[in-house]
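Note that the chains take the letters A, B, C and D in the order they are written out, and that residue 1 is the start of every chain.
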């Protein structure tokens, strides 16, 4: 059984594991106050061209989201998000558990637009309603789409002119920025959003997300919030060491590019077979729509997620590739699939 | 500079790191639903003689405490704890951030007694006060003392007869149970408390705590709470793999025994030098009281924590040993110290 | 300027004010432990035929909702509600501020159906999602519609068979139960829902809502929650005294019937003028759709809420009547309106 | 049975009740947006000589405290308070329920000093501890003592130089400011603290507290917080009307002066009888220590609170007087007490 279930099925990229092995017996201070975390932060600052940005390392995405959002907001503030947003759908009400309402906007492609934000602002009349204050976007989104630079610029503009915080969930930011359709750099993002995180867990690390806070007034006392929410890792260097490897050179982008290339091979195959897709995805998650009988056959050898029934005889499935996906396994899947289609 | 600052200065015990290397490219399900977590849970269940206990793995102690306590309590419930308790002193108000008051009891040795609990119950008069519901104890305590079996039995008795939940923070449970003065087993603890956690971070793991829920009515839907608080690790197996190593045989206890033996060597040296101690500690943290001038000299070569000024010329320091502390480093410290004392 | 803005524009019905005057210098215990609260609770218990029900008095509806809902739920539990629900739209995220997500269901008439609840249960897959646990309904709804007995029976059935709590917001329960289309009694409601409140503020009291808890397991320690959320009124008897008047005989229903009758007169007038309505409302709030130019004229003499633009030249307005609305004012409005229509 | 249990045993002062009767059928906007609330706010602003201060009306003290404190703080902030503080002892963990830790300081007379605050600041080392941000004081305190102007000046100084918010709970502020030992005015307080509330419930109102926010940066969006916590009274004018009466002339101070005079008569009697006191109180709560046998006799005719056992044969009791306490009832109590002492 080969798994296309997710991009966190394996451990870490060997180069990262090597670094953990190599540094294992060093004595360092705890809680992220060690040289590795400092160096990793400096590397990221250089990558984004912002030495003034604050970088904080977390173990996972839900924790990053809930800590950042609750630190940035006052109790009466609400979050604007797409109805497909990870914080809405798959974090067990973590944001609400910190006291904040999420205002949902429907979006076919998982992306927010200025019109969504303007609508949320317009619907908010007075103090009988929670006040929209933070805009949550994911790049790539939960359904594989990615934002173009012009789109983020427009979001940035409406946020800044309305006093809103623009926050990007980058659990799969590597895949977005390494996509064939991408026209943005990390540096662009740092200039346009107020805070974002660079996901490591889904791109080659054992675990780890690097939160980047670009806006000065969001930085104050941030480490208190990490500790209070249980996110300050005792052996914090484990995160620093991993991000050193990812950002010393270009490993972060190389791993993501590989994952995208593997997804691209699958994608082309489905196109060849005239399959349609739930949504357009140029990243490492694709959502082809297949006849149920073919899905049944594939499930004998492959693990993946049945995403949505599209009609009585078809369903969309989700296939996710990663840095660890080998081309031979992708090719085997493709061959098998073509065989089922009689090709 | 050699560090006695804490027991999380290094990475993982080599056997644990080997296991992480060995399993790195396995594909497993995420979020702790993998075979390694299942096996590690089974090993712990066997160790404690309770196959009915629920085992959940966390990355760190603060997260374990806040998730368990908030899951077990209703909003009006309060926690009874010693004024030295980690949840009171060093978790940035994490418990209060989930909505619960901590009722403090002063305790010279960091331990709670039935008298403390009775007092908290007596002081609670009616619905104008938060209702005591959970008793938080640490073993070993934050100041190195350990509980004897009879003490836990008495706490268990008063808790059960008053409908209170007895919860043990086991960040340093290995050290407590491997102490020369200990008379308890893991199995004893599982029979006497309602929930406790077995600390891995401070005893040889990269990170990891194993929460054991013994009481049936505390188990329901517990994984929701882990996810909601941001504690469900995507590559959950990382925790399972480590606890497999710690509990397959006796590594967990061997590592703790080593740490205790190293602290014991230091302890004997201070006794030889007629130093007094802030508190009696038979575990891996000791708190000798030294002349400030000697502390100043030691600080040139060793990192440790100045715990408390005891008079104008003396202070208590904290020395912590771990699985990674080498006897040669301890011996060097001892020689140097004796030298400062002119011996 | 005469106001149809809301049903809390005036003070209290004279009979209630008399009772407050009459009892003013009595000395009583505070916090609702007085004879008036006991008597009011007994009167309500008799009205609903449930002497085992617990009755708690609150000052306002938002406070009642947030206290009850947060007391009934564990942290991972979510509320199912219509997208028009007061807790969603007009309570500033009060429920989320206690930590709970609201799962929204669109509903044209403001009412929930078993299909909505089933859908929420079906969408909930596992611990990565908040768990639906409480169903919030309002009667009458926020847009004036009312539930029939059979509808509540069906909701009750699906809730009970799925372990869900059924909670009714009765801010305007008097109007619902006194509506010409109603077929339920207070007693019916007490048998079908798990908790509900009887709104006094919008039906003749200075302020006051009576929460009725019917289900045994929801009653424990409830007064702690009222106090913790700031809702335990020092001079609690003020609420008891008012509900004594409302429920000693039938004042509660008489006042609501009057309000409905006044709304009915307005409604007939709009029907005569061939106006359409945003929604069908047999209660004390109606939502006729009028040409903007007529709305502009009406606004010179009357205060009311512009609810929604329906096309470029028309809008729905909201008119609310109350126990204090006098027929002569309604008649004057009707005459004026007919005059604008040239009739 | 005559009650000295508390200062909220009766309804409202007749002048206040008259105003409620007189205005009963006026139609006004809801939620405190009415002319009475505006006028009451203006009267208070004039009294305190600060037209820039924001005034918000609440129904009760716990709600005022929890709303103000949670609105002013970020999640990692803690409150410094005396261990006798109302928010610590008698509000069911309401502050913690909004997420904030209370740091306690022991104080024999219920008052905080700069030394207490400095100690709290010193104990706070880093982000592993909640950060002290708001200082909560009560005037008069929960045990009847009052602050002198110089004491508040010193607290103000240390707070301002350390970026702390100084907040005064004025549930019994009238009694403090009308005390024979007081040397402060409302205007002084407004200049020295950042926010405080003027208690009406315990000084002649049916219910009502007026929160005064003096510091600019604490004002933003405050009404959202009132609504979110359930404190925005639908018929908000009820509070405005009452504070109009209290502050149009000097009723607020006259009522408090009467209560103090009644307590003073009792106090003198205990002094005549050579009783000692738990604490020095020049306000409307006194705590004499009496032989238990005399307490038993008094309890046959009077209700009061047994505060604390002081030795095997004596206890401190609490006697509270109010605007409604009549001199004849005080005299009867004094005569009876003297009689028990054989005088």
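Assume a residue touches a chain if its C-beta (ideal position, glycine included) is under 8 Å from a C-beta of that chain, and two chains touch if they have at least 3 such contacts.
Since the structure is predicted, the reported quantities are computational estimates derived from the model, not experimental observations.
Across A-B and B-C, it is A-B that has more C-beta pairs touching. Chain centres here are means of the Cα atoms, and by that rule the chain farthest away from chain A is D. Remark: chain B and chain C have CA centroids separated by 51 Å (rounded to whole angstrom). Annotation: 43 Å between the Cα-based centres of chain A and chain C. In terms of their C-alpha centroids, the spacing between chain A and chain B amounts to 34 Å. Residue positions 75-76, 91-93, 97-99, 127-128, 130, 224, 227-228, 232 of chain A each touch two or more of the other chains. Per the touch definition, chain C reaches chain A in the complex via residues 75-76, 78, 89-93, 96-102, 104, 127-130.
Those residues of chain C whose C-beta lies close enough to touch chain B in the complex are 31, 70-71, 74-76, 98-99, 127-128, 130-131, 221, 223-228, 232. Residues of chain D touching chain C in their complex: 2-3, 5-6, 8-12, 14, 17, 20-21, 23-30, 59-67, 91-94, 97, 201-202, 206-207, 224, 227-235, 238, 324.
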